[in-house]
Structure formats: structure tokens, C-alpha cells
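In what comes next, chain A is part of two complexes: it sits with chain B in the first one and with chain C in the second one.
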Partner chain A sequence: MTTAIDIQSVTRRFGRTTALSGMSFSAEAGSILGLFGRNGAGKTTIMSIIAGQDRPTSGRVEVLGREPFENESVLSQISYVRDNQRYPDDYKLHHVLRIAPDFAPNWNADVAAELVEGFRIPQKTKIKKFSRGQLSSVAIVLGIAARASVTLLDEPYLGLDITARALFHDVLIRDYAAHPRTIVLSTHLIEEAERLFDRIVIVDRGRVVVDSDRDEVPNLAFTLSGTADAVGRLVRERTVLRSNTIGGLRSVTVRGATDEALAAEARASGVQIAPASLQELVAAFGESEALAPASDSAPEAALTQNGAHS
Partner chain B sequence: MFTEDSPLFQQLADKIADDIAAGTYPEETAVPSATDFAVFFHMNPATVSKGVNLLVDLGVLYKKRGIGMFVAHGARQKLHRSRLNDFRAKYVEPLLAEAHVLGIDDEALHTMIFEKEKDQA
Partner chain C sequence: MNALASAVKLHLNKREATLLVPLYITATVALISVLISLLFWRSGSQPGSAVWIESSQYNPGMLYALIGFLAYLGVQSVSTTFPFALTLGSTRRAFTGGTLLWAVITSAYLAAVFTLLTLIELATDHWFVGFYVFDVNVLGAGDIARLIPIVFLGTLTVLTLGGVFGASWVRFASRGPVVLGAGIAVIVIVALIVLIPVAASIAAAFQLWWLAVASIAIVLLSSIGTWLFLRPAIVR
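Up next, the complex of A and B:
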């Protein structure tokens, strides 16, 4: 397997603000990588850097083996539609569709037409008057129909209704299966997308806190739920990522995999135990103070699993 | 439909196996393509292939080059046999455990099963 995107110790500062702090992860060619984290965690900043629209303050980014910034041979193989993409004032949909192939050598007009129809994107309205959902639809058309080797989809669903989101998934998977490419997708609607991914990266405060094969997710964390006393006994000496207590009841997300002994102990004390879902994992890592870096060091707090990655 | 209790490809393989055991996909007929499964379940195509290949390794599915995946001759019987082994752990033991919690004794349980079977006959 070859690496399509390689991010090594990337730091990005804006004045006094550090948006990315020694971030490293990579995506295999032809894989779908899910990028998760809270607002402000650094998802859009790293996507802009991968897309060559911004450069790191320090560290290195390679896309298809080269640095993307101002590198035309790489940029023509990357598709990235920003969530706040602006279009010329008098542009309608057909203007965008006409110039899109100039920026995307593998542009497929049939896929574009199918999505335009499915999303019911207005043809006669100026794009600057589009609603949030309609703008998202245009961005998805551009992102998928480009069939770019590296496709970056940053929160593509903003404002989209559930029918449109299902259509997006249908077309994305069908077109990806026929024309594999490397996809990085960030979303807050985790449950709708969670089965799409080969790899999961969770970022928080500009750092990678989880970098794992999709199949390893059930081993990264588990939840316990029951009476506060019983749960408290079970989590002694374990890393609690997230805890919620209401009255005498407590539920916690705990780092690591469950084991037979713990499961038996939990059952004996009437505590429910289950592997954390991807959504619970993202919520837990976004909330966790247990993983907060005390200073600029301590990246060892990050949980990385290299699974089948080679 | 899918949980985190086991890897996704395993759950997909179980689901296809359920459908074969139930006769939804008869022997020597094609099952949906990997892409169809992927789009239907919004699942990564690589995950689907992994699940399907699991059933190929078990001899439940086989590949016809250029056509697709087919249900093997004898697949149903093979699945039934392996399920018989699981029946006790998966159904009988939880049933007895719940009966114990509710204080249903053996005789009452036997009567319940007998009555239900008579209903369905």
C-alpha cells in the first residue's frame, strides 16, 4: 500500500493562536479516512494545508509524494471545496459546472448531472442567493464529480436534509467503488457515516488523540453504566475519558478494551458494559481533560493503533 | 442494525449467512454485488469484501469469475449445522437464565413451550 497523504509533526500558528500542534497522521491511497473532533479542534486547518491552500508553520505535509503548496501537478489531483466557498456574484449553477472540468482533469458530467437532479439544485437562481443546504449540494457535486485522487470533504452536510444526505452517501460509495480514490471526510453526524471509514482520526486542540483502524474502534474504549457506587468500584485504576452522574446513577466511558473478567464483574454488580460506539468515542475524547496536554509536551497521551496500516 | 460488539465485516457476514440460512438467497444463485451491499448499508466497499470473503473461506459463497458471488451447493445445510452448535448458548441458556430470574420452574417452562408449539401447529 502506498501513502497518499502524509502529515508529519505539523504545527500551524496564527499570531498567538496555535491551531495545530505537532499533528501527524497519514492516509493510504484508496482509503476513506474519517476526521473527527470538536469545532476548533483543527480539522479545517489541516484540510486547508493538505489541499495546498495554506502551509504549516513547521512540519511537513506530502500529498501523493510531494508538498502540495503552489505545486500545480499535485493540486490538479486534489479536490477541496471549502465550506465557505465563494462564487462570482452573477454565477448560476451552469457557470460553475462549465468551468469545473478546467480544474478537474477526471471530471464526470454524468455523476454531476445525477447529483444536481437528486439534490434539486435550482438552475435559474444565482448561487449567491442559495441557502446553506443548496451551497452544500453544489460543493458535493464539485467534490464527487471531480473524481480527484485526493478528495477532501469538510463538513459536506451542513444544511442538507436527510434525503439529500442519503443520496450523498449512495453516490459517494458507488462512485468510489468504481473509481477508488483517497477520501478525507469530516463530519459531526457520525452515526450516519460511521461505516464508511477505513481509518479514524480524532483531533483535539490541534493534536491527534486517536489514530486507528476502523475495526479497532471497539477496542479503544467502552462504556459502563449503573449505580454510582458499583461503577466507581469498577473504574478504579482505569482512565475515565468521560463521566456523567445523575442522582445515584453514573455512566462512564473508559479507555481500553473490555475483558472477560471485567465483564463478569460488571454483570455481577448489575452494571451494563459495552464497547463504545464511534460517536461515544469522539464525544469522550472531545470532552476528556484526562488527555489535556499540561504544556506543549505529552503527545504520548495520544492513543494510536496501527492495525493493518502498512 | 450494526453494533460495536464485533467488527463490521463480521456482522455483515453474519447477516448474509442469516439470509442464506433462511433461504432468501437460494443455493446456486447470485447474492448482491459487493458494491450493492456497500451502497445499501452505506458501508466501505473494503469492509464488504472482507465480510464476503469470510463466507468464501467457509465454503458458503463461491466466486464465478466475471459474474459475481454465488451461494455454494450445500451452504444452507452447512450453516444449519454450525447454528445447531450455537443454539444452546444463544437461545437455551438465556431462556433458562431469564426463567430463573422470574422464578418459572422447569415444569411451567415445559408447559409454556408445549402450549406454544400446539398453537403454531
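Up next, the complex of A and C:
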């Protein structure tokens, strides 16, 4: 496998605001990477940098072996539609479909037509009057039909109904299987997209807090549910990422993998134990103050602390 | 070269705005000019008389009507098209070059249209009844050798000037056009303060080609400014 996207120690500052702080991860060619995190975690910023639409303040970004910024040959192989994409004044759908092939050498008109029909995208309405879901539909058409070597999908589901989301999944999987490419997909609807991913990256406060193969997710964290006292005893000496208490009952997400001893102790205490789902993992790492960076000058601390960075 | 051509095609993708709307505006102004001429005719003025010709040729309506639209076209050619160009995979370099090339094409197109319409007006002795629509002073008073550079350089100047304002908005949001506009105003006022004592001698020595040189200078400065604004601009 070759590396399609390589992010090394990328920091991006906007004035006094640090959007990315020493972020590092990579994506193999022909894989689907899920990029997760809370709003403002840095997902869109890193996608913009990967797409050559922005530059890091420091650090290194390589896409298909080269820096993407102002690199014509690399940019022609990247597709990235922002979640708040702006279109030229008075643009209608046909304007988009007419110009996109000029910039996307692998553009497939049949895929575009199938998606347009399936999403029921209005042909005669100006794009600036589109609903949120219709805007997402146009972005998906651009993203999938381009068949770009590196496809970045930033919150592609926003405003889409369940039928449209199912269509998106079906066409994406089918077209990806026939024409493999590297896909980075960020979404908050994690359960729906979970089956797509080969690798997951969770970011928080501009740092990578989890970077793992999809298969390793069950070993990254687990949940315990039971009486508050029993759960409290079991999580002593462990890092609790997330905790909910209702009355005398407590549910926690704990970092790390379970072991036989813990499982036996949980059974004896009447505490339920289970591997954390991807959604629970993302929610836990997004909420965890344990991973809050101590300072901007120590980005590696967060990566090492979570024990999941590879 | 392909990237440059793609950027030009991106601009020309809005065919109606680039190619047809200027014609709609021209036709509307022509119609209004004809109606005003009819009004004067009904009030006793005689088509073909010296007074009629002189007053008709002072009509600057065609110029004013097009300038507003061309300025808008120039602004939007960068402000709303640049974010989409980046999404499609254009480089900033190709986009800036393509935008200038598109402005040249649009200017040449309008110069050709105005040349054709002026020639028709002259050949028909002003539409058979003495109506002056294109044979007006601001368009060279029927002199094609003056009309072509006036329309071409005038259009190019307004489009590129609009473009640099659009680029300043992309780079600095609402502060960009405000600061740029204020900066240009300060430069113009300072220049006037310096030159006003010799204004009479400048006016006496004035040559029409000075305007052409000024126009080319504005086009170059605007294009360089657009590039400087867009090079570090990010879309958020």
C-alpha cells in the first residue's frame, strides 16, 4: 500500500486562534478514512489544507507524494466540496454539470446523472435558493462523479433525508469498488457510515486523539454500566473518557481494552461490560477533559496519552 | 495552459451574464434613447438639424448603463467564482490568469458588438430617421478607430477594477473593499492636490492616448492586485 495523504505535525493558526496543533496522520491509497470530532475540532481546516485550499502555519502535508498548494497536477486529482460551499451568482445545476468535467479528468456523467435523478435535484432553481439537503446533494454529485484519486467529503449528509443518505451510501460503495480511490469522510452520523471505513481518525481541539484501523476500535475503549459504587470501584486506576450518572446508576466509557480479570470482576459486581462502539468512542473522546492539551507547545502529549496513536 | 483555459471556461460558463446581459442593457438604453429622441421630435426639434445632432451626441446613457453592470460582473468574477474555482481544483495562479483572459475576451466581444452596431447606424444614416444611439461623443462620435479602443479598454478597465475589489473582499471580507476604495480615493486626491496648480496646462496638452495609457496601467495594477489578494486568500 502507498500513502496517498501524509500529514506531519501540521499546525494552523488564525490570528490568536489555533485551529490545528501538531496534527499528524496518514491515509493509504485506496482506503476510506473516517474523520471525526466535534464541531470546531479542526476537521474542515485539515481538509482544506489537504485540498490545497489553505496552507499550514507549520508542518508538512503531502498528497500523492507532493505538496498540494498551487500544485496543478495534484489539485486535478483532488475533489473537495466544502459543507458551506459557495457557487457563482445565478448558478443552476446545469452550470455545475457543464463545467465540472473540465476540471475532473475522470468525471463520469452517468454517475452524475444517476445521483441527480436519485436526489431529485431541481434543474431550474438557482443553487443559492437550494435547501440544505439539496446543497449537500450537489456536493455529493461533484464528489463522487469526479472519481478523483483523493476525495474529501465534508459532512456530506447535512440535511439529507434517509432515502438520499441510502442512495449516497449505495453509489459510493459501488463506485468505490469499481474505481478505488482514497476517501476522507467526516460526518456526525457515525452509525450510518460506520461500515464504510477502513481507518478512523478522531480529532479534538486541533489534535489527533485517535488514529486507528477500524478493526482495532473495540480495543480502544469499553463501556461499563451498573450501580455507581460498583462502576466507581472498577474504573479506579483507569482513564474515564466519559461518564453519565442517573440516580444510583452510572455508565462510563473507559480508555483501553478489557481483560479477563476486569470482566470477571464486573460480572461479580453486576456491572455490564462491552466494547465501545465507534459512536461512543467519538462521543467519549470529544467530551474527555483528560485529553485536553496542557499547552500549545506539547502536542505529542495528547497523542501519547490516549495510547491509540499508531 | 489547460488550467488557464479551464479557468476561462469557468467564467464563460455563465454565458447569459457574459454575452447576453450586456446586449439586453444595450438594447434597453437604445430603446430609451430612441424614446427620448421621439420626445424631442414631438416637442419641435428637427432630426438632422445641427442642434439635434449636437444634443443627441452628448447622450452618455450607453456608457453609464454598461459601467454599472460591468463593475458587478468584474466583482462577481472573483468574489463568488473564486471559491468555486478552488473547489474544482484550479490553482490561484490559473484562476487569476484565466480571469484576466476572460476579461480580455469579454472586452473584445463588446468592442466587436459596438463596432457592428455603430457601422449599421452610420450605414443607415442613423436608423433612417436620425436617431443617434452609438454615434455619440463618449463612444468616439462615429469614429471606429476611437470607438474600438474606448469600448475595449473601457470594458477591460472596469472588469479588472471590479475584479480587484472582489479579490479584496475574498481576502479581507468587508474590510477589503472599504480600505481599497479609501486608499484609491486618497491617492486620487493627493494627485489632484499636487497637480491642480498645473491643471490648465495639462488640460491644454491633453491627448486622448493618455487615457489609453492610464487604462492599461489600471488593468495591470488591478490584475497584479488581484493576484496579490488571492495568493494568500483562504475560503472559509
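Everything below uses one rule, namely that the second predicted complex is superposed on the first by the 296 of 310 C-alpha atoms of A that agree within 3 Å, B and C clash if a C-alpha of one lies under 4 Å from a C-alpha of the other, contacts with A are read in each partner's own complex, and residues count from 1 in each chain.
We adopt the following convention: a contact is a pair of C-beta atoms (placed from the backbone, for glycine too) under 8 Å apart; a residue touches a chain by one contact, two chains touch by 3 or more.
Note that the structure is predicted; figures quoted are calculated from it, not measured.
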Is A:Q53 in contact with chain B, with chain C, with both, or with neither (first, second, both, neither)?
-> second
For A:R174, select first, second, both or neither according to whether it touches chain B, chain C, the two together, or no partner.
-> first
After lining up the shared chain so the two structures overlap, which partner does A:D198 touch, if you call chain B first and chain C second: first, second, both or neither?
-> first
Between chain B (first) and chain C (second), which does A:D229 come into contact with in this model arrangement: first, second, both, or neither?
-> neither
Can A:Q85 be said to touch chain B (first), chain C (second), both, or neither?
-> second
After superposition on the shared chain, which partner residues are touched by A:R214: those of chain B (first), chain C (second), both, or neither?
-> first
Does the superposition put A:S277 against chain B (first), chain C (second), both, or neither?
-> first
Using the touch definition from the top, say if A:L142 reaches chain B (first), chain C (second), both or neither.
-> second
Across the two complexes, what residues of chain A are contacted by chain B and by chain C?
-> none
Of all residues in chain A, which touch chain B in the complex?
-> 31-32, 166, 169-170, 173-174, 176-178, 192-193, 195-198, 214-215, 217-218, 274-278
Residues on chain B engaged by chain A in the complex (per definition of touch) | 2-9, 34-35, 38-39, 41-47
State the interface residues of chain A toward chain C in the complex, per the touch definition above.
-> 48, 51-54, 70-72, 75-76, 78-82, 85-91, 95, 98-100, 102-104, 142
Listed in rising order, the residues of chain C that touch chain A in the complex are 3, 6, 9-10, 13-14, 16-17, 76, 80-81, 83-84, 86-94, 234-235
